[in-house]
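Given below, in the form of structure tokens, are the structures.
The two complexes that follow have chain A in common; it is paired with chain B in the first and with chain C in the second.
On to the complex of A and B.
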């Protein structure tokens, strides 16, 4: 499958779940379903807030340690977004099934890999947020996420948004950042070898991708023209337009 | 007459309502009762670290780390892996240039570094016997694995086992380096099994685990291995040489404690508690871990992990690099 240049999403693709979404971008396709608030198991029950359960299923094989790590990361981030205090003693279950991941022709692909899988975090988080919106789970804010790699080429380092698996492998450092719709830093995961200065540049780039707002649209078009459009997509605008399209389609009968 | 008040001793208060307990001790009450954490430390004070190496006699390298009540044992055991038993083994062609990336890929593709973490029953009350590894143990082992490969501490060159054939008459002649390389053939690798066992668990598992891994790798001595042509097997001699470990990455973690236990995030005061213990970890949602390496003189960040909240933004994260540098100095001193 060729990597899509623009993110694509469908809402409410699964008929039986409370909410669902399919999201594809940069070679990743993820389908997510959300059920909740439902009754929690006794051991997960919390007296004051809802338990958020995230399950990540890989494209092939069963989940291993890296999926547990992704689940832990997403769980702690999504708990911040969902108004968990509104649903004490209940459970909100989010299942994310990876459908396809970009292939890497240069390395032996092993089914079970133990290392962190940074590149997939934005796709998973974006899908989870879309599915939660589709399920109408009350949320404090939405979130958008981006991955940026620092690639050194001929001595000069360069920031690459949405790197390919090959670029991730050769990159000096890889960073995943997520921002809430109130422009707060929700998640920051980095790996590699970098300085505080480089991280700052990465922060700026990721923030531009995640937090460009529709209000400055006129400016951003010019900026895209100036910089050959390698800014990456405007994730917040994408989230908004996806939902607007869905609402328009749903209210067509009125 | 004085109003009758309900008073508890400290441990009872901590058990009954942990959040107000920690909050009360962080807020200064009076001149005589200074603010501090329940464990007696200042918010930006980490526990001192004790490192003891070479305590396991049957491992090639080992370390016992103790920070407060968190104790970890790490043992490194090396096993020989013949290339014949590696599926999809692809010898490097002569024209292929060896780069840092290709070396790392070699370590990763053939699984030459295998860390495993066990949170033993009884190290803390939440770990029950007879259950599969908890999500915490799995997450930790993924993070250690990733950092071990990502930091490039171990060079694959040190783990290679060569078959060296010298032709008759060429024994002393060594004028051409190219020619000599052609005569050696890769026959196997050392695989390092890095096993970590938590003896007691009192918060901040990643920092302790990572320090144990680094200390154990620095302590590792591999036997000198060579290919015996007559026996057609790898033989090891009694002499051993230390494993070269590049750099000294040190992990530094903190948790963010919020004033309102069930309030909206972002309201009220917050404290950043360095090196949290188990009580503090259960009360904090937002955690931040930064791995820094200052061994080259300048501060290089090897990993950042921040999740579970929105208090730590750009400024705090930048400032945290300074805290991590301080921690690096303490740990590197303890390593010597």
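On to the complex of A and C.
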């Protein structure tokens, strides 16, 4: 199956929701919708801040504990980003519908009980941020996310960004990191065995993927040319250009 | 959760007045569908259907399970329709609304109860192993006529789907992964589609096809007719509402048949296009392990 190597995104794809986005990268396709601020239910209502509700829906089967875990992870990250204090007693509802996830052709998967693993977090987070931007929800910063796997080959460990499901299975450890647009670490989730040194390498790689445009802003063009190719796509630049395209299209009449 | 806003008296009057003057808000004729679009995903069994602003995504999946005790020779076939808050914030998770119950019931009756798929062919070892085929319907946006769009998506997804190939040798069942053997299609018998009519006026004398959300909210009754392109009716559901004359209903079924024929050819064309797209280098015929029926 040809997985898209370049990230793709469409903004405001759903006509009814306040904001929505469709994002696809590395075989994952996620559609997200944001409604908010809307009236919160009594049990979710908070006197001083907005409640951020994240719902992750798998493509096939019913959601289980894994989806709930993803929801809590994303919820805590997104609450940091959204200016929740601006909207007391209200609700910001984010629904993330997984449309497709890369499949491992060499294994027959159990499908009826959905089990999204955490390799999907970058796609979910990216979609959520794009949908929030499309809904014009005030945010402290935007965020970008990356997944890096540590694969050991002949004794030497190697870092693989955006691993395929087979690589994730064979990897020693998998790490998901997210950075805000101010280059601050927002989310760090790891699975498997790894050393502190490996984690530091992973951190550097992920930061390069997430925060490239910020890092190369003041530096020479050769640097950019040099780093391209082996570092994968530049997520922050991608986020920015997607929004620029959208804004240009929306303000065309002016 | 906030409730969906109901149309105001002015809006109501406006739409109804226009209808009595043979006009619809979007300028369509009364028996005309909004543009229908269908795209298949990279995987097998994913269909994305757009009908105007209504958008439905259906995904089919299959796994090997134990059959039900009372039906040892049948496979399991389920259709799951759950409306998420993505459709509208008025829908809440795990709390089915009337719309959702009616939708799943209608699709169930149309596709499952009409025997569109041969469930006996899903049986692998009688009483021990069978395929469980599941279709998940995700409603991404709702702008009226959910039933027809969802039904079309389900049928398209099922016809596009390929399940892993299996073989039995000496009582040992082998399920081949997609890398080992090309997956095989389901045994499909006929393709039923839903056509929904909405009625307006005091005696339901105005009948509209493919009502949009604003039209749907002010109708006095509706009738869903499911049939296949041979004109075999699977079900007719008229759930309450203003009574409609029998002759008018007959007229509706006749128009429904022409619409279903259009759907059928459209789906066949799209499936053929997709097969062509996948068949790069013309190797599909050799890879296929499927027998002619």
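Definition applied: the second predicted complex is superposed on the first by the 234 of 254 C-alpha atoms of A that agree within 3 Å, B and C clash if a C-alpha of one lies under 4 Å from a C-alpha of the other, contacts with A are read in each partner's own complex, and residues count from 1 in each chain.
In the analysis below, contacts are C-beta pairs under 8 Å (C-beta built on N, C-alpha and C of every residue); 3 or more make two chains touch, one makes a residue touch a chain.
Computed from a prediction, not measured in an experiment: that's the story for all the values here.
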In the overlay, work out which of chain B or chain C sits against more residues of chain A. B
Go through the superposed model and pick first if A:136 touches only chain B, second if only chain C, both, or neither. neither
After superposition on the shared chain, which partner residues are touched by A:249: those of chain B (first), chain C (second), both, or neither? neither
Which partner chains sit in contact with A:100 here, chain B, chain C, both or neither? Use first/second/both/neither. second
Return the residues of chain A at which the contacts from chain B and from chain C coincide. 107-108, 110
In the complex, go through chain A and note every residue touching chain C. 1-2, 14-17, 29, 31, 33, 35, 38-39, 41, 55, 57, 59-62, 93, 95, 97, 99-100, 103, 105-112
List the residues on chain C that touch chain A in their complex, please. 1-2, 41-43, 46, 48, 53, 55, 57, 59-63, 65, 80, 84-89, 93, 132, 134, 136, 138, 140-143, 164, 175, 177-179
Residue positions on chain B within touch of chain A in the complex are 88, 90, 101, 105, 108-109, 135-136, 138-139, 141-143, 145-147, 149-151, 262, 264-266, 285, 298-310, 312-314, 317-318, 321
Residue set of chain A touching chain B in the complex reads 48-49, 64-66, 68-69, 71-73, 76-77, 79-80, 85, 107-108, 110, 114-116, 140, 169-170, 175, 180, 182, 184-196, 199-200, 203
